[in-house]
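Here it is, the structure in full.
By written order: A, B, C and D. Residues from 1 in each chain.
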Amino acid sequence: MDKLDNVIVHVGGNNLREAKELAQHAEQIGANAISSLPTVFLRPKNVQALVEYLRELSEAAPTLPLYYYHIPSMSGVNLCMEELLDAIGDSIPTFRGMKYTAADLHDFGRCITHSNGKYDMLYGNDESILAALSFGGKGFVGSTYNYSGKMCNRVIDAFNKRDLETARSEMFKVQAFVSVLKKYGGSVDANKCIMVLSGLDVGPPRLPLIEFTKENRENLQKDLEAVGFFGLI
Amino acid sequence: MDKLDNVIVHVGGNNLREAKELAQHAEQIGANAISSLPTVFLRPKNVQALVEYLRELSEAAPTLPLYYYHIPSMSGVNLCMEELLDAIGDSIPTFRGMKYTAADLHDFGRCITHSNGKYDMLYGNDESILAALSFGGKGFVGSTYNYSGKMCNRVIDAFNKRDLETARSEMFKVQAFVSVLKKYGGSVDANKCIMVLSGLDVGPPRLPLIEFTKENRENLQKDLEAVGFFGLI
Amino acid sequence: MDKLDNVIVHVGGNNLREAKELAQHAEQIGANAISSLPTVFLRPKNVQALVEYLRELSEAAPTLPLYYYHIPSMSGVNLCMEELLDAIGDSIPTFRGMKYTAADLHDFGRCITHSNGKYDMLYGNDESILAALSFGGKGFVGSTYNYSGKMCNRVIDAFNKRDLETARSEMFKVQAFVSVLKKYGGSVDANKCIMVLSGLDVGPPRLPLIEFTKENRENLQKDLEAVGFFGLI
Amino acid sequence: MDKLDNVIVHVGGNNLREAKELAQHAEQIGANAISSLPTVFLRPKNVQALVEYLRELSEAAPTLPLYYYHIPSMSGVNLCMEELLDAIGDSIPTFRGMKYTAADLHDFGRCITHSNGKYDMLYGNDESILAALSFGGKGFVGSTYNYSGKMCNRVIDAFNKRDLETARSEMFKVQAFVSVLKKYGGSVDANKCIMVLSGLDVGPPRLPLIEFTKENRENLQKDLEAVGFFGLI
């Protein structure tokens, strides 16, 4: 792991026992932190259940910061994160924040107000990081950063210089390529194909996702070229 | 209407014929513009159908600017607004923009890019106007402005001065009161009760909404006091 | 109205006042009953609000039986109908039942149990009337009956004779044509096109629905022929 | 396993590799069949992807019949099962049918028509098995059968004797207890509590589900007594 500054290991899945095993392993190999989805088949029904889940998980890796992964569109768990922070209170010493992948800027803003800097509120909608920045967001985690990191850093840099016009125009360039990504379904299969086209070949997606056909890949490439993508990354 | 600078009459509902009658009436009485929801029972299935609806409606009031009211959470019509702008093209001369009441800042940003200043993109999520401002939004239409106008103008003014810290802290004050509004259901019944408490008594809501009980109104007042609401409006 | 045995006038829409006017008109012209959707933009939030709406509406036509139109997929109002019957109790003397257009046979069965014959529970999912029959349903209201009446009566007749094999095979013939209807979107535009093809030309749909093109109509006709539709109606 | 006639091992989860390992293990220990959910985080986007998933899984246990577990309310995978059967065709020799846990009797009926007896269409909505029976369903898999088996067998027996009145009245007794189950959330935590109350103590649910408190359990018991549950099982 010597090439990476900060390794957060995701340990969640469908059951707490495996998540705890993965958390222990992450601690043993020297990860910097762990992160977890909620269980996604039998889901926590309320924030109290989610707190119990996170508390038990945290005890499996008591030296590692713990992040919750909030992505209701994928996990089906659409609880109010402000209520989660309220319910956690001081009961999970290693709890450090969350990846917030949702468009609800009211809840996101309330979490920032609530935590008052205590927690990392890492935003996960890559195509609207400028909104999160304006709400005080300071960290971002997203799958497109495998290739869009420079584009998004330009948004952040301009914002930090209070050059909002540049920030906006750079954000809109990101949005133009995200429109292409969405045209091709917006999921990991399209994402991995863009990684290949960007020179980062991490292999095909696993079933039930299916590798893009040559024709689809070529069309995707043309659409990316049409929005100037390859000159921006 | 002499006390109001700009009157936009909403004419939409469940059928085009009535919408056209209301549009003609709005033109006759000197309204500044008309606005329309899509029909909300038999809904437009795609942007082409929505364009046909808007085109026919526009012809009923050919001198008035026309705005589309995009509020998928209420109307059930969740079409892509960038595609709507594409499909309208130059075919509706009076089309002037939309009220955009949704959290999809990707679509909102794409509409701003697409229209390049040609259309008014009026944002409708009062609790996150700072996000719309950062994306270039310049106009806002919302039900809470009946009482929160000064609070929200402070967000806008600070943003326009590039004082982002103040803009954010004023935005978070708005969010604190919106949390109270949401606690009481977030709909027109709660809104009207806050209007009464704010000194703007426009009467009770109509069925199927039910006027707040005295007890509910007093609890709402206490919750609003707890977030300093009455000192902010 | 002399050609029709039983005329139920639908009066619902987006506001109670117009619904009451239509209810009064229906009473004056000698309709047999009235029916109403909930309001579909600002919707009743709970059964209590819906009861208030129905109670006021019933008073506008105090001599006419009143039916509620439960169709959550279209109206967006997905309340529990068993709870509605509980909440109505004896408070609306003219309340006579509902058109139940939803697949929730638990709620439908509970309403039949609850009303114990007092109310008409009219089922509205034409493609699964055999299920409603098995649960004790005795009446059916649906848009496809403009042409599928004979097909569906064969299901009912066979069921009433306890000839379940025939009932099932006739039901499956209905399902085969409904699959075609769904292939073409399943809405009023396709329905009206099938009416035309069936010899019942009631004119094109209104915007925002769009009349089928000649090509679409011919394809629809071929698909209907392929499932033997025209020999069954 | 000598006390059970027919053991179907569920092997699905969040990734195909583990599902294959579990399938191989099931084959080795002499299970009668395997069953699988789709992956529930990165989900199959269309029936083709699901066929690929099932085909690979089937090859891990080539001697065991394979069932697909269709439960869109939990898995988030709401594909048309008639289309799945079409897409499978003859390509998965061990495919034997599915557990169909959804209220869509059109799709369910179409699958029965389509498979013409080739596949087992096992229905999973315990509270409406009478509907599935009327559509030709012959098998049922459900969590409440841990205690409601006798009640549901009375429905089936009466139906098979063409005593539809008894079938219906027995079905409505099941629905009465399912209303209680739903009042307590309708999930595995309530189900396990009813198991305990029924004399089948299989232990508490696992996190993120939480064991019922003593008070909740006693209330649940009273509500079950009120519908005569304990005299029926």
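In this text, contacts are C-beta pairs under 8 Å (C-beta built on N, C-alpha and C of every residue); 3 or more make two chains touch, one makes a residue touch a chain.
As the structure is a prediction and not an experimental result, all values here were calculated from the model.
Following the contact convention of this document, B, D is the list of chains adjacent to both subunit A and subunit C. Distance from the centre of subunit C peaks at A, each centre being the average of the chain's Cα atoms.
Subunit B and subunit D have Cα centroids separated by 45 Å. Centre-to-centre separation of subunit A and subunit B, using mean CA positions: 30 Å.
Residue positions of subunit D with contacts to 2 or more other chains are absent. Remark: the chains found to touch one another pair up as A-B, A-D, B-C, C-D. Those residues of subunit B that touch subunit C in the complex are listed here as 13-17, 37-45, 48-50, 52-53, 56, 74-76, 185, 187-188, 206-210. If you check the complex, the residues on subunit D that touch subunit C are 82, 103-106, 109-110, 112-113, 125, 127-128, 130-131, 133-136, 162, 164, 167-168, 171-172, 175-176, 178-179, 182.
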